[in-house]
Structure formats: structure tokens, C-alpha cells
Amino acid sequence: MTTLGEVAAAANARLQGCDATTVITGVAPLNGAESGQISFLTHPRYRPFLAHTQAAAVILSPEDAAYCPVPALVATNPHVAYARAAALFVPTTRSHGGIHPTAWVDPSAQVAASAWIGPQCTVEAGAVVGEGVCVGPNCVIGEQTVVGAETRLVAQVTLCHRVHIGRRVLVHPGAVIGSDGFGLALGPDGRWVKVPQLGGVWVGDDVEIGANTTIDRGALEDTVIEEGVKLDNQIQIAHNVRVGAHSALAGCVGIAGSARIGRHCMLGGGVGVAGHLEIADRVQVTGMSLVARSIAEPGAYSSGLAVEPNRLWNKISARLRRLDELFRRVAALEKISKNGSI
Amino acid sequence: MTTLGEVAAAANARLQGCDATTVITGVAPLNGAESGQISFLTHPRYRPFLAHTQAAAVILSPEDAAYCPVPALVATNPHVAYARAAALFVPTTRSHGGIHPTAWVDPSAQVAASAWIGPQCTVEAGAVVGEGVCVGPNCVIGEQTVVGAETRLVAQVTLCHRVHIGRRVLVHPGAVIGSDGFGLALGPDGRWVKVPQLGGVWVGDDVEIGANTTIDRGALEDTVIEEGVKLDNQIQIAHNVRVGAHSALAGCVGIAGSARIGRHCMLGGGVGVAGHLEIADRVQVTGMSLVARSIAEPGAYSSGLAVEPNRLWNKISARLRRLDELFRRVAALEKISKNGSI
Amino acid sequence: MTTLGEVAAAANARLQGCDATTVITGVAPLNGAESGQISFLTHPRYRPFLAHTQAAAVILSPEDAAYCPVPALVATNPHVAYARAAALFVPTTRSHGGIHPTAWVDPSAQVAASAWIGPQCTVEAGAVVGEGVCVGPNCVIGEQTVVGAETRLVAQVTLCHRVHIGRRVLVHPGAVIGSDGFGLALGPDGRWVKVPQLGGVWVGDDVEIGANTTIDRGALEDTVIEEGVKLDNQIQIAHNVRVGAHSALAGCVGIAGSARIGRHCMLGGGVGVAGHLEIADRVQVTGMSLVARSIAEPGAYSSGLAVEPNRLWNKISARLRRLDELFRRVAALEKISKNGSI
């Protein structure tokens, strides 16, 4: 049973007009909350719902607190406060250790007593699974791979051989870490010769890796995901990429080989980054843009084009092909006008 | 043994010049069909092959029927008729119920007697698997998840906890349904705080979900895929998205959080949709386009650019960067010309 | 224990100033190599590191050999030579045959005595697994599917029913081969009718398939990946596509139905190819480009746009929408100037 006082403590929020002993059963949106549930106001979009909310209490900013018709949990950063409060209501995943009878763990693997290995898992020779690790069903942990304490592999995760995973890392289903990089040498006969991928993958602490995201191992040195990086679903990270600490990459981003992403960067959905380039710290790239050269300055960058009605777009793209010609035509007109003949 | 009469009945087609008792062994393209196989003409592209086909019978439109040298199965919509006829020749997947000895089913899970749980599967606590469900090898069904009658998970599918799957849903290998949404709050120290994803996923009846497609659970309320939606492979659906009934999304589409797609929409391959926007019913978006604003009117929309020879494209894209300047130069010329000085 | 002589033989390189009996323990970059390790110089980018390398020997070109301060392994194609040499240092994956006790193999499947079936695998009825095949943990091999000799499925691979995999094929984790193509017929009521996918997938010899890549089965005839093709991660290949021999596709490429890619083609990351078109041999397409029409001539093609600072880009894309108007305005000015009135 969670009380409002406990919620306030977790959220590090100030109680306003609250009875700290009120029992809270869960969280809900402003317009859906019932008595016993807390709610939150973290975006102006939802301010209209504040006046009529039925929530037991609302997490909001000092500015909004004045207009709160119900008890308030006041926080300077309501979004963070909400995140911490909501964590109290996450269904707890199994915490006690053990190995499920259907799992297969190689005798030479080391699994901490407090770690859980779920059904149908495979843990290969020499793997090391730390204290409090939770490995969900049907995961594979490859040879010599190390999984840091309190890390969770949700289900169907594949960690290939000789991969290092930090502490408190969360890996979602279908993610693959440590697959071979795309290393090819072109033979004289036009056939590709595979370049062995002898490096590994190093994932820092507090990283989150989305469903069906892939991170290739390095050709010789490691691919590196620094601490606190957050990767959404369906992302492709090629060999020898380095993603700087606390950067967040949205779904379907693709990073080509040996690119270096700075710290505290944000890449929008579907962004592509070419190989062997460097992106500075605190760079934001909007969705579906292509980073084809290094970026030295922090700030926002874009190259995505938004849809237009099909007929208009076809006209635009046809004209675009003749853009070079248009520049020349305008230059010609300018020449005439300068010559005074016009 | 299937007869032409049975094929006609399944296809709801009119027999023309056919012996209904002819035995049909399978389907094949017009130019490849042998006696005993039926074929079809659903696209003008293949009309030239009609004259010389060896098929036992051809499914086609009343217009084309006149030119059919062999028995015909005449249908107003030959494509649909073909789809129904071909279904007779799909190799039947196992229909009788049971649980494979290598599968692990939690004692508290409810599996209907007529459902099949395949090898190496995991069915977690409180899961409910309906009548006639077929769960292929190495699938995971999470806690409290409900799978509707006659649904099929082909193989290696992951349904996370508290997901609702409707009836007659088909999910292809590697698909992940119910992974955490990408919810992050930015702390004052520049570190990300995870926003717990407390919602679920609701998938309606007759939905098809492609290989390695991912559908995230909602932050508080459910992510919703309405009835009859068809999702191709490698699609990413973020948290709290709603995809309207009978919409079809091609491969590699990415939908950002809280976007609402209308009913009967069609999104081409690689299309990206930004978050918190709405797309009306019956909107088509062509491949690799970016929907960055809401679309209120039905119709076709585009922003994809087609390839040109590399040298020409480099010239165009360099000019594009100076497009704003060009507009100003043209305005200047127009000013001069208006002033009559030219 | 590997000697320099053995490395030279594997690399087909000429020893210069070397003692062939020197023992080599591994490979490393020029600036990181220690005595006992070989290194390589395959890109001018790294030439500055040559002078001070501590490597036991360096694989390089005849031109660079003159400047090599340490023993050299001289090869006309150092990249290929390096690839062959490095292969000596790949940790060997299990080579002896057998079936892991936790694997499930249908009694009607044929598994060669020298093949290995790893933990938690499923091999379904009628599957045929050739000599020396290595099937890693948690893989699924579907009914009637044939896996050629010496092929390796790393882990969590899904081969659906009736798929043909050639010899020496390497398939990385999470790849799905033989899932249903996206075949839909639109019914009169606006509901989609599934078009049964009755074809298969044919994968030639020496193909490599990346992590979480998907290859759909054909509608009637097979989807075909010809010999020597290299597919990176997260690629989507739709039904009835044909990829020509020795073509290389980078991550996140998407190929729509029935497209034909030529031989020795190279597609950059995130490239999209529309359906029912043909790309000639030896075509290169740069990253994030859209191939919307057939390409008949070899060469390089592009349509990707590189990022600009956000404010500049917003201006450019706004102007782009008025490009058609600009062409008309310029034409008007030209008319005036021709009329001599200017």
C-alpha cells in the first residue's frame, strides 16, 4: 500500500493541501484519474483538464499549482517527479535468484546466486552473470560475455560472445548485441572476402536498448555505448561506432561504421549517420535527416522534407531536377539587367 | 483432392467452359501453369501471357474472360477471388491442440484444450491462450497476456506482459508486442530518467503483424491497433499510437509516439510519421515520405525524392542550399523590371 | 601457435625482412599493435601511424612497403590479404557434430552426423541439415527447409518452412527467412483479404545475412538471393525480390516486392527500392536514397539530402514548396527581356 507521503518522497515533491496518509492505488491522466489515483501536468497541452480532474493529487509545477483544484505535489521538474512517482506502481519483475529448470547454463558459466535465468534461456561457456541480474525467457548469453549487476534482459535478447554489459542496463526483446560488423574486402574477382570482426561491444551502466535494436561488434577494437545512453527500437549501430554518454536515439536510427556521436545528443526517428564522421556534444538532429558530414557545433540540424499533396510534390520534384538550369537562367537575366540593356 | 467446382465456390467465381469435376493440384503464374493448376490474371502487365497459358483454368475479370483460351473462373474482383482460391492450397499448419513437451507453461496460465503450444515456448503466469490458437516454436507469451481464438504466432514471437491480442491475428517471426515505450524525462544533471510505461497494447481482430515489427506499450493508456490492420515487416509503432481499422503499413514504416493514423490508410515503405499528430481516414502516403504535420484531407501525399546520377544530384543539392538566395535575386530582378528601368 | 610464415601464406603476401618463424599471437591496429601482433595499412588515413608501429609485421601495399619500419607482408590488395590473415585468429566455433539435449529435433528431420544443433533449438518435420552445419542456440528451422553444408546460424535465427539455404551461408541473430510476403487484395468492403504466400526463399552459397534482417517468401515463385550476396543488419527484402550475385546491401535497406537488383551492386544504408523495377549490374546507390524507377546504366546514383542548421533548412524547405512558382516568375522575366521592353 502506497501513501501520498511516499509518492511525494519518491517524486521529491512538496505536498500542497494533501493528507500524506491518503492511500494511492495508481497513476492516470488528468481526465481519466479517479480518487485514489495521482495524475500529473507536464505539458501545457493538458492544462485544460486540470480544472475538472478527479485525481487524489496532481504532480505539477509551482506555476500550475495555483490553479490545482485538488491536492498538489509541487515539483520544479514535474516530468522527472512524475517518472520517479510512477516507478512506485510498476509491476515488480521477479527479484529472487535461481535458474529455471528449462534453461541451459554451461557448467563453466558463473551465475550470481541472486541472479535469475528464465525459461528456455541459453548461457554459454565462460559467461558471467552478475548479482541481481534478471534474464527473461528465451534469451541467449554468448561465450565469455559479462552482464553487470542489476541488469535486465526482458526476453528473446541475444548477447553474442565476448560482449560487456554494464550495471542496471535494460535490454528489450529481440535486441542483438555483438553480431558481426559489415566488414568486407573486395577481391579481384568481384567477390567479397569477409573481414573477421575480432572486436567486441562495450555497453556502459544505465543504458537502455530497445526492441529489435542491433549493435555490431567492432572489427578490432570495441563498439562503445557510453553510460546513460538510451536507444529506442529498431536502431542499427554499426561496428566501431561510439555513442557518447546520455545521448538518446529515437526509433529506426542507423549509424554507419566508426561514426562518433557526442554526449547529450538527440537523434530523431529514422535519422541516418554516415560512417567515419564525428558529431559534437549536444547536437540534435530532427527526424529522417541524413548526417553526411561531421558536425562541430552544438545545435539543431535537419534535412527532412515534409509531405505535400502528391500532385504538387511531383511538380516540385520535377522542377528540382532543373534547379541548376534555373540558377543559370537567373544569372543570365542579371547580366542583361546589369548591362543596362534592360 | 480439390475440384474446379470447389475452387469456384471458394473464389465465388462463375465457371465458364469448365468441367467442375476437374481436379486441381495447385496454383501457378499464367506462363508457368501446367494442366491441373489454376492461374489468374489480376494485372494488365500479365495479359500477354493469357493467350498461351496451359492452366486448367484462369481466374479473371468479365472483360478478360472473352480472351481466355482455357476454362475461366470469372470474378468481378479477380484479385480477391484468387486470394480466396489460393487459400485452398496453403499447407495446413497443425490444428489439433496440445502442449509440446519442451514448452514451459506456468501453472497459472490458461491454455484452451484446442490450442497448440509449440517447442521451446514460454507461457508466463496468468496468460490466457484461446481456442484454436497456434503458438509456433520458441515464442514467449508474457504475464497476464490474452491471446484471442484462432490467432497464430508463427515462431520466435514475443508478447510482453498484459498485452491483448484479438481473434484470427497472424504474427510473424521476431515481432515484439508490448515492449516499453521510449519515455524519458531529462534530469537537471542531463541524465535521463525512465518514465515507467504502465499502459498496454490492444490489438484487434484479423490483424496481421510482420516479421521483426515492434509495437510498444502505452505510457499510461494502451497503444491500439484496430481490427483488420495489416503491418508489414520491420515496422516500429511507438507508445500510445492508434492505427485505424483496415489501414495497411508497408515495410520499415516508423510511427512516433501518440500519433493517430486514420482508417483505410496506406503508408508506403519507409514512411515516417512524427509524434502527436493526426492523419485522416483514407490517406495514402508514398514511400520514404515524412509526415511532419497532421493531414486532415483524404488523398495521396509525398515527400520522397527519386535518385539521379550522383554528379547531377550533387549539383542539385548544392544549389538547393542557395535556394533562399535565388528567390531574393529573382525578386530583385522583378523590382527592376517593374520600375521600367528595364 | 601461428607463425609469420603461416600468416603470409594465408594472406598470400610476400615476406619482406621477416623471420617466417616468428610467433604471431593476434592482430591489432598500427598504433595499438605490440610485438607478437601483426597489423595492416589498408587506408591512407592510417599511414601516419606506420612510422612508429610496434607490430611484429605489417600487411601493406608494395608502395607503402618502402616506408615500413618493421617487417612487412606485401600484398597487391592489402585489404583482402588482411581479411585472410585475420581469419587465422577468429575464435573457433564448435566444429564437432551432435544435438544438444535441450534441442528438439522432429524424428522426420535429417541432421548430418557432422552437424551441430545447439541448445533450445527447434528443427521441424522434414527439415534437412547438411554436413558441418552449425546451428547456434535458440534457432528455429521450419518444415521441409534445407540447410546446405558448412552453413552457420549464429543464434535466435528463424528459417520458416520450405526455405532453401545454400552452403557456407552465415546468418546472424534475429534474422527471419521465409516469413509471408505482404500480399493483400482489397475487398469491396474495404477489408483486406490475405493473398496466400505459396512460394519459398532460395538463398545461394556464400551469402551473409545480418542481424534482424528479414527476407519474405515469394507469393508463388521464390524470393532469390544469389550466391555471394552480403546483407547487413535490419534489411527488409519483400516477396519475389531477386538480389544479383555478389551485391552488398548496407543496414536498413528496404526492397519492395518483385524488384530485381543486379549483380555486383552496392546499396548504401537506408536506401529504399520501389517494387516491380529493375536495377542493372554494378549500380551504386548512396545512403538514404530512393530508387523509384528502373536503373539501366551502371554507375553511382543519389537522392539523399545532407543536414543543414535547422533554421536554414526550414527556410530552404519552405522555399522548395514554391519552386514551381519561381520557375514561372523567371520565365515571365525572360519573356519581358526578350521583348526588349527591358
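Here the chain labels run A, B and C in written order, and each chain numbers its own residues starting at 1.
Here is the rule we use: contacts are C-beta pairs under 8 Å (C-beta built on N, C-alpha and C of every residue); 3 or more make two chains touch, one makes a residue touch a chain.
Here the structure is a predicted model, which means the values were calculated and not measured.
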{"item": "Shortest path length from subunit A to subunit C (each step joins two touching chains)", "value": "1"}
{"item": "Fraction-based call for subunit B against subunit A, same above half, different below", "value": "different"}
{"item": "Distance from the mean Cα position of subunit B to that of subunit A, given in whole angstrom", "value": "25"}
{"item": "Shared-contact residues (touching 2 or more other chains) in subunit A", "value": "102, 120, 138, 156, 174, 212, 234, 252, 270, 305-306, 308, 320, 323, 326, 330, 333, 336-337, 342"}
{"item": "Residues of subunit A defined as touching subunit C within the complex", "value": "102, 104, 120-122, 124, 138, 140, 142-143, 156, 158, 160-162, 174, 176, 179-180, 182-188, 190-196, 198, 212, 214, 216, 220-221, 234, 236, 238, 252, 254, 256, 270, 272, 274, 285-286, 289-293, 295, 299-303, 305-306, 308, 312, 315-316, 319-320, 322-323, 326, 329-330, 333, 336-337, 341-342"}
{"item": "Partner subunit B, residues of subunit A touching it in the complex", "value": "26-29, 32, 45, 77, 79-80, 82-84, 86-87, 89-91, 100, 102, 118-120, 136-138, 154-156, 170, 172-174, 206, 208, 210-212, 228, 230, 232-234, 246, 248, 250-252, 264, 269-270, 287-288, 304-310, 313-314, 317, 320-321, 323-324, 326-327, 330, 333-334, 336-337, 342"}
